[in-house]
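Across the two complexes that follow, chain A remains constant while its partner is chain B and subsequently chain C.
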Partner chain A sequence: MAGHPEGRPTPAPSRGLHGWLDARYQLEGLRGFLAEKSVPVTRHFFLYYFGGVALFLFIIQVLTGILLLLYYRAGSDASFESVRFIVSQVKFGWLVRSIHSWSANLMALSAFLHMFSVYFTRAYRPPRELSWVTGFLLLVLVMGFGFSGYLLPWNELAFFATKVGTDIVGVLPFIGHPLLVLLRGGDEVTGATLSRFFGIHVAVLPGLFTVVLALHLLMIQRQGMAEPVEWERTPGRRMPFFPHFMLRDLLLWVVVLNILAVLAVLFPWGLGQKADAFASAPAGIRPEWYFLFMFQTLKLLPARIAGIEGELLGVLGFGAAGLAWLLVPFFDRGADSGRGRSAMRLIGVAVVVYMIVFTVLGWVLA
Partner chain B sequence: MPSPSRREFLNGLLAVFGLASAGAVLYPVLSFLRPPPSGEANASSVRAATTDEIPPESGKVFRFGSKPGILVHTATGEYRAFSATCTHLDCIVQYRSDLGQIWCACHNGRYDLDGRNVAGPPPRPLEKFRVVIQGKEIIVSREEPSS
Partner chain C sequence: MRASWRQGEPRGHRRRRTLVARGLTLAAGMAFLATSLARGQAPGAVVPNSECWKCHLELEGDERGPAHGFAEDIHAQNGLTCSDCHGGNPATDDVEQAKDKTFRGVPRGKDVVAVCARCHSDAAFMRRYNPALPVDQAEKYATSVHGQRLAGGDTKAAICISCHGVHGILPADRPRSLIYPRNLPATCNHCHGDAAYMAPYGIPTDQFAKYRASVHGVALLTRGDLGAPACNDCHGNHGAAPPGVEDLSRVCGLCHALNAELFAAGPHAAAFEAADLPQCEACHGNHAVAATGDSLIDARSGVCATCHAVDDAGGLAAVAMRATLDSLQLAYGQSVELLGQASQKGMEVGQATFELKEARQSLIEARTATHTITPARVRAAAAKGREITGRAIQAGRRALADYQFRRRGLGVATLALSLFAVVLYLRIRRTDAKSST
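Take a look at the complex of A and B:
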């Protein structure tokens, strides 16, 4: 029997499918990677799960989205009718649509929780700046999914939310109007807008999301999960990823699936009234909850602030705040050493309180 | 000035070809994304309603070309018409008889019955239209620009 050049015996080649694949793709390396991968066990251990939950809900979105595609038709004279057909005629159509809508909301919630848990544990510090950046881009894409998907049933709430949302883009100086026309497929929200949003929702965003998600996950696999700063002095306990953490992850996914099923069954998503481009906006108009804090802020801004239109100032303010949030890892130079912790915490708490208060106000006062 | 080396020349040529190719792809794509102008002309005059349709202290949203307009029958018996597009963020306004004002549900913007923005976030007044009654028909047209 031929020996290993260094004297160790060559492992017997495994048989069957595993052996066949291993001979071609060296699965042993992957197995070694999985065996070594571990997760730091900290006080905030539970926070690690929200990213996985968001990923699970994304998978649900893809699957239910594909099912809805079998019956959905885009067009101002077809969308509302096709969604009504799905929820009233197709067997379990109401359930699939309800799961798609609830899962979208829970995915946005998980993504926000994941982002804030990373923020408050300052897990974005070097060398994980780009994990934060790709994570933020994923959150923006999730909001894009929500915004584009909201219009697809072509009901009046969605119609006006889209009018407002795209008009916000239009107030930007120079690029605003061309961008508005590009998004709407014209000057007004019409069937052309619906076609574009449909394309964006089912082709453009999934493509972009998959690329950014792959980068985000690759970075996490290459670098491992962030450890608390204190661990540089005294390392703490770690848990093997496989199978310990993965099984916990899977268990939580089962729990989330059950929560989703309960919500979808007990609170099925309504369809509302068909959009009419020549009817007044109904009272109680509001966008999805994760846009409410911005919606409410725009509502409260006066028409003019220091000679500038309030809405323009609001939109530019949100743009600047989003950019600052994206660049947090590059601003927070003390994250490495643990300096400036209370200042960053204060900023984070202020942002969370602002978002919660304005979301509640937007909900109550709508 | 020294003449460029063969390598520099080829690199330059490659860059020019690269940019030209990118342009040849991007220009048609960007042009494709910009929708062609819609065939619907901007109407200058429409029949908005009949006098039977809107009792005093009520309003009606009507189609004015490709855009919505609002016709209000005031408590004093006058008919007034404006663009129904809120100047804040493009929602369609409505007449609220309890307020005696034109109201936008999206961000609680308010206009008086001259179309002036009087409360909330709207930055500009509503465009005012001319109203002419011909028998029972209410004809709305764009106001002639004052010279």
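Take a look at the complex of A and C:
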């Protein structure tokens, strides 16, 4: 094996399996990387953990999703029945499904918290613009997972929520109707929609998510965690990643797993009634909570605003806002020098307050 | 016929043709015309093409009566005018000329039936307006108690206008029609509930009060269920007559077909006939028919006790049937309770709950089978329900036991994870301490 790149003494060759692997894959390099990796310790230190929690919950999603796939069957005459079979007949099927549903929601929450923590600490500033962009794309994909997965049990609430949700896509000019037909597999929400959503949920989104997640993690490993701007003048304290930060990460993961177990057992995810396209829409139709602020806004918009259809204006507005949010690192020119902190903070607080208020309104008024 | 139904017939010739009044009439006519054109109807369909109508509309008091409401009358809507029933010349506004030699005035008593029958018994004529409408009303009426009394000279007997009204006759499917199902009991009660009016006939006058409180009356009048029977569904309408003892099961069997069939196959059919007992009515009553319950066949306090002792064959059959029903009802209630508890705790019992619907159906079938008065038939009908409720009770108990298992499992898992968290925490502290030294 080659000597250590920084001129330190070459360690004695290891024996056993480690030595065998090291001889082939140069594990010492990885060990060196881990030994040198550190994270900045700031007063917002706890915010660093949300990204790790989201990753941990994604891993749980993948594992429980695979287990559910063993019994789940997609189809308007099979989905509801198969989910009912999973939760009532399969050993611990109820637990797997409940954990899958709860961890999906906790993952979305962690992703939102992670995104806002990055925003408020302006950690997206150069050279980490693409970390922000890939992170935002991951959040959009998480929401896509939620939207497509919501329909899969083929129950009443999901059926009508999907109908309402895909109707919103249909208001877009020119591409609205073709996009709606593409999503639904026809003009109405049917078994064809279910098949598409299933394919999107278990193949398309996981594939995209894995690629974007790999890029996101790679960027973080290459660039390390962002340090406060002030550290350019006065560097602060750092903590070794391994084992110090990793142990803390692991502790939080165990706590999250505990919370997940309590939620899954004490508040098992209900199945509801099987979807019936000919039944009247039930009361209280609402999408997953992370869509509520948009849903409620569209509900409250007047039918026409300045001669334009209110809903269309709302959808275009959300599209523009999402794009602006994606490009925040490129707009916020003062991030490296610390300028414009108050303005960015004000925008962030306004966005958070708006999202919370409209989510609560959507929950209460549904 | 009631005098009140004829109030408002024209008697005088007072004419008050002021320019203003004629202008108002013309304006009203134009309004009707505009409305009808907007609805795509022929103009003559809603504006009676009759000078009689225009003049009577200007009059006041009783003389205005015939004109009031005629515009929405089904006959006016089909282009018929005053002269089609009363004769005369509707084209002139001169009273003398209007009441020419064809003028018949107000038809009275049995003449009313003949006047209506002139068109309503003429199939060729009626086909032009409503081919689906029967044309045998007058024929049936002649066979009814009302028709026979009228033929015998009883002018108090109901005639066409007693039930249908006079100048504002609406089709039966209009909610404001006197013969709309929900209004029909009150229409019949107008005469049949009047004790003084009905006194000469010696029949009860409390039918409506009883009907209104009955299971049929509550369904129709309170819940608005138009499938529930009104008076005419049992008594007929134009051929109205009280059903005879031997016809009763056929009348009730029109709706309760299976009950009637099972009753006819059981021992009670012949026994009731021999004892001259009205079939369904003997146990269920007539106008006051109440919602049935399992207590109805209680051998001590139910209807069975009217004829049977507890220890005779009929009483023993009642005891056996009641025991079967009670047993299934109890199992059904227990199933609902257990599955409800499990569901409330978040357990998935959808399949068992769905299957329980069949147990409910089985209970209904077992109750229906009591009309055979054969305990073995009731037991056979209840067997499927017992099987399903047995499975549902097991599913409910299993779900509740599983719920407890989950809680215990959660306790163990939480404890293990918490211990692991403590170990990690201690390890972090030790690592931190080692680093600082």
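FYI, the second predicted complex is superposed on the first by the 354 of 366 C-alpha atoms of A that agree within 3 Å, B and C clash if a C-alpha of one lies under 4 Å from a C-alpha of the other, contacts with A are read in each partner's own complex, and residues count from 1 in each chain.
We take it that a contact is a pair of C-beta atoms (placed from the backbone, for glycine too) under 8 Å apart; a residue touches a chain by one contact, two chains touch by 3 or more.
Only a predicted model underlies this, so the values are computations on that prediction, with no experimental measurement involved.
After alignment on the shared chain A, the placement of chain B and chain C results in a side-by-side fit free of clashes.
In the superposed model, A:Pro240 makes contact with chain C only, not with chain B. Once the two complexes are overlaid on the shared chain, A:Val254 sits against chain C while remaining clear of chain B. When the shared chain is aligned, no partner comes close enough to touch A:Val90: not chain B, not chain C. By the touch criterion defined above, A:Val265 reaches chain C but does not reach chain B.
By the touch criterion defined above, A:Leu208 lies against neither chain B nor chain C after alignment on the C-alpha atoms of chain A.
Of the two partner chains placed by the overlay, neither chain B nor chain C lies in contact with A:Val352. In the overlay built on the shared chain, the residue A:Leu63 is in contact with neither chain B nor chain C. In the superposed pair of complexes, A:Ala303 makes contact with chain B only, with no contact to chain C. With both complexes placed on chain A, chain A has more residues touched by B than by the other of chain B and chain C.
The gap separating chain B from chain C at its narrowest, counted between C-alpha atoms of the superposed chains, is 5 angstrom. Residues of chain B touching chain A in their complex: 33-35, 38, 61-63, 66-68, 70, 84, 88-94, 104-108, 117, 120-123. Chain A meets chain B in the complex at residues 160, 163-164, 166-168, 170, 178, 181-182, 185-188, 192, 277-285, 295, 298-304, 309-311.
Residues of chain C touching chain A in their complex: 346-351, 406-407, 409-410, 413-414, 417-418, 420-421, 424-425, 427-428, 431-432, 435. Within the complex formed with chain C, the residues of chain A that make contact are 84, 87-88, 94-95, 240, 243-244, 247-248, 250-251, 254-255, 257-258, 261-262, 265-268, 270-271.
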